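Got a structure for you, questions after.
Chains: A, B, C and D, in written order; residue numbering restarts at 1 for each.
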Amino acid sequence: MKKLKIGIIGVGRLGYEHACNIANRVPGSELVAIADANFDRAKQVAEELGVTAVYNDPKALCADPNVEAVAIITNTASHVEMIKIAMDAGKHVFCEKPLADTVEKCKEAEAIIAAHPELTFMLGFMRRYDHSYQVAKKKMENGDIGDVILVRCYSQDPISIIEGTLEYAPRSGGQFIDMSIHDFDLIRWLTGSEVKELWATGGCYEFKQYKDWDDGDNVSGLMKMENDAMAFFFAGRAAAHGSHVETEIVGTRGTLRIASVPTDSLVEVMSQHGVCRECYQDFITRWHDAYITEIEEFCDCVATGRKATPGVIDGTQSTKIAFRCKESFLTDKKLTLE
Amino acid sequence: MKKLKIGIIGVGRLGYEHACNIANRVPGSELVAIADANFDRAKQVAEELGVTAVYNDPKALCADPNVEAVAIITNTASHVEMIKIAMDAGKHVFCEKPLADTVEKCKEAEAIIAAHPELTFMLGFMRRYDHSYQVAKKKMENGDIGDVILVRCYSQDPISIIEGTLEYAPRSGGQFIDMSIHDFDLIRWLTGSEVKELWATGGCYEFKQYKDWDDGDNVSGLMKMENDAMAFFFAGRAAAHGSHVETEIVGTRGTLRIASVPTDSLVEVMSQHGVCRECYQDFITRWHDAYITEIEEFCDCVATGRKATPGVIDGTQSTKIAFRCKESFLTDKKLTLE
Amino acid sequence: MKKLKIGIIGVGRLGYEHACNIANRVPGSELVAIADANFDRAKQVAEELGVTAVYNDPKALCADPNVEAVAIITNTASHVEMIKIAMDAGKHVFCEKPLADTVEKCKEAEAIIAAHPELTFMLGFMRRYDHSYQVAKKKMENGDIGDVILVRCYSQDPISIIEGTLEYAPRSGGQFIDMSIHDFDLIRWLTGSEVKELWATGGCYEFKQYKDWDDGDNVSGLMKMENDAMAFFFAGRAAAHGSHVETEIVGTRGTLRIASVPTDSLVEVMSQHGVCRECYQDFITRWHDAYITEIEEFCDCVATGRKATPGVIDGTQSTKIAFRCKESFLTDKKLTLE
Amino acid sequence: MKKLKIGIIGVGRLGYEHACNIANRVPGSELVAIADANFDRAKQVAEELGVTAVYNDPKALCADPNVEAVAIITNTASHVEMIKIAMDAGKHVFCEKPLADTVEKCKEAEAIIAAHPELTFMLGFMRRYDHSYQVAKKKMENGDIGDVILVRCYSQDPISIIEGTLEYAPRSGGQFIDMSIHDFDLIRWLTGSEVKELWATGGCYEFKQYKDWDDGDNVSGLMKMENDAMAFFFAGRAAAHGSHVETEIVGTRGTLRIASVPTDSLVEVMSQHGVCRECYQDFITRWHDAYITEIEEFCDCVATGRKATPGVIDGTQSTKIAFRCKESFLTDKKLTLE
């Protein structure tokens, strides 16, 4: 019944979601400290969640002896620095994806984590902890679909939030680093293999401004894995119907398709439009339970000493793929991963 | 390869559909004669379909020695008279549903048909010949769902054709005789049993004019069959989404549901309304293939001497149920069938 | 940020679920006391959830000054007595469904609650708080489907738990009181009206032992509401595919169907069986989130003084309907509610 | 009402399907002559369908003055020779896909057809005439989904017919020429553009013998079109669930998905496997109606002088893409089309 005492660094939109979950939705955790560069925001969330230790300096939070583990939900560029501060202070670390904004920093993170084998590190690719993905993975491990032939991944943001999407775009790192990296992690996880070669392409089909950021509003790519499995990914910024993350695994004995209709509502609406299922309109709603489950898993790994996944290597590899895809997209060349 | 030479009586909307099918879509049939009280209509359809024998008097058509079988697609009140003329002239008969507008006439039809055991008679409850219903029935016969517990039947016309529905309503015989009779036939066919008791109810939820015709715009009923199976039916005149005929058979070992999304299009439309399936907007499109298949079956029964189903008894029984439901609806009493 | 201090009476299977939620999943609540006639069970759950106040006498729990509200998850027969004890001790009450095992006791509950207008009372018809039902209700309130014509309710337990179902059956109160009562509440809630007349029927289609308990393994009923809406319900004990609670609301302008495929997994399995969706296998999984949401609502009602629903009247009315359905089932008569 | 008099060359499995349709299912056509290298087969089909003119030499059929149009359903290698014979004899031509087994022969076909501008030529990419594809195309032309971003095409044969698949494989031309060519035609038709560059890959995931034929049992490819639209295709030989041809068009304003559950049955089966939809098990059943509709269109084009599509250029272009994909697959290089 001991609860893991977690301090959180960063309580922006997603950080706030994590803070609420840690405080109120995860049985094995307790939220004991909050840090945010925006100190007012930190204090406001702390008050709402009944947290008394509030910091604007992450170092101070990491020095707090009451904190056993740190959840890092800051901007990507700062992740590795935060990991170092926290681990050097002897704290377990849960870090949001992506691991870092360069492959070099990923390597640094590997070194930091390797230097603290006694501490748990977990990376927040939450999709792995979504109920449906867990169901699918279990079926695969059970041999239900034989060997993997093809993994197909879609990640689409909805048009309903396009203003926010466009505002965030220039500093997002681009479609591959920001969005498709989730799919790169899924592809590696589901095929159990590393990318061998890839070709990424795309364009600006509706929002020409992405051109200015060396990015596309819609991109896709084909990959061949070391074990010969194929993978196709597609990412878009403005789907008419909703936040649509769909994954399909075609195997030699069967196929699993996850979220072809992306909704948590069991309501069918029969109207002049036909028989309709309304879809998720934002990713936090879509992954609400997965965000909880991954923190439960993190707490359990800390408690039992079991190794947490995804780990730092998953961060490095997915980042590598993302950068390589971007290079392929910009040069229009088929590339090997290394 | 011999084709059955069929003459058709009545080429209104549904008669025209049958005429086209007999002429051009059913391998085993040939359309050789057309009769319609509206002689101009008869001539026009005959010209379009390359038929040379055209009549305005059904008796003349039945006297035509080139005609081997007669398809009767006239108004319900005249069905039994037509059956008599055709059979007395030695013709096989395919007759549209319902068999008659009174139970007494149904009994007359039974006598006529009994007097001509050498001739094939088939009643046009085409739903039985729809591919999906055939698939379901085969599974039931195969024991896939065990014994029948409940049959649920929906029959809804779409709002998109409400003008025609309202115009036709006063002379339709009412919801039970005109529409639900299809479901009464399905219920008997799927349970393999006769109705023991029933309660029908309903009202005028949107179109108050049905009150004037001792009818409802939406009606439903619960039935218990002789073999204890339960049946629920619902019929409506103005579904927003389309022409919706749905049937479910709950069995002790499994359940079959037919047409929960009533469409022949495999297109999913992803739009601001969600993920939508557009539905049938008229019954002739819905049952197009079933109309063909039932005539194929009719031709095959004539050719092989096999007994055709649904037969005259199915007409009598469904008509009885329909009238009894109407009585229950009007008196608000639970009734036995007899 | 003040958390409502709740003591729970009864930590059997469903009580345990509530206890865990109150302790760890509901932001606004805190579990501060546990009572169970099985004291060992109470102590074990208390230890697991970090609760220090443990009782085997509900009166003692209600006398605990630290307890602000009581959750009653005992057997149905004891509900009203527990409500009295708790309310007389000045505690807010959340009580599991059904309200009582007789209509007379329901009336007693009404009196007790009326005597404590300062206290919140809420009845645990959790289906109303399921996300999909909330979505549907909101659409109805928004006028999306016009006026209600028909509510159709299915409640089926899965064959996979049939042993437990059969074991519990003799003391369950029977299908109408135990299971269909949920649907009676939904029907009242969705139509906004009271039952006027009804006919319930059914039988023992697979499990003949229900006969001995004056019950059926599958039952159904048709109802007419005071406002003319129709309602059909069906309940079964052994669906091959899973725990299937489905509700449909047919309106004059559109239709809403909830859970025609009862699953929270977005996985489609493509195998030799076709394209399959696997279904819920137990009701606690099905309603997990609804159990949390209703307690959130309860806490919010206590905090704000807002009146909680469903309330005691909903308990009385659904119980009345259940007993009247049972009478109709046993006598095979159509009955009015009163 | 004049029917087009069609002679058919080749009455193997698919030829027989066409022969039956021309004879009995297409209102505007009449089957007047049959030729097949297997003369016994030709005679047998002729007798069944009541055709009196039977040939084993295609030239003789083409010389038959009663024949107005010729349907060519022979092996791919002979298509162009047959087209020449038929057109030189003044007959309209319907030719099955693919147009030819080399790009050079396609060019020859172009010349032959160009030399007979008074004659109708139509290529049998029947998918374009499937009801669902027609619905989708109409929506696209209506602007419902904006501009095309991505077309995704799946073509999978079912494991249930794997013996036939393996037997036919060595002389099929391989996955790209035999199967994916349908998707190449769809991609061009749906994007309204030509392929600019492509990368095709795949392997032998289950059936290693494909290696011997320089082929894969599962292949896929990514393409970029001249108009910047992206296209992904996947083809497999042994899907557990059935014959699965699925196409999706992602547009800037909406998405259309065709046949994500590939079935013409509206039956949902609820069993221990969940809620299942059973799928097509062979392509002739899947495309039965499309085979009829394309011949109707052919007849109408002949009757009205309207230009038929797909035309010879569609044959050349799809063949070019297929060979280029095969080259990419064998060399593992990204290639431009030309």
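Please note the rule applied: a contact is a pair of C-beta atoms (placed from the backbone, for glycine too) under 8 Å apart; a residue touches a chain by one contact, two chains touch by 3 or more.
Going by UniProt, the chains are A, B, C, D = Gfo/Idh/MocA family oxidoreductase.
Since this is a predicted model, take the numbers as computed values, not measurements.
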| item | value |
| --- | --- |
| Chain labels contacting chain C and also chain D | A, B |
| Farthest chain (mean CA position) relative to chain B | A |
| Between chain C and chain B, distance of the C-alpha-averaged centres to the nearest whole Å | 42 |
| Geometric centre distance via CA averages, chain C-chain A, whole Å | 37 |
| Residue numbers of chain B (touch at least two other chains) | 239-241, 253-255, 257, 260-261, 268-271, 278 |
| Chain A residues within the chain C interface of the complex | 1, 20, 23-27, 47-50, 131-132, 135-136, 139, 144, 253-262, 264-271, 278 |
| Interface residues, chain D side, partner chain A - complex | 145-147, 149-150, 152, 197, 199, 201-203, 205-206, 218, 220-222, 224, 228, 230, 232, 234, 236, 238-241, 250, 252-255, 257, 260, 332-334 |
| Touching residues (chain side chain C, partner chain D) in the complex | 159, 239-242, 244, 261, 263, 269-279 |
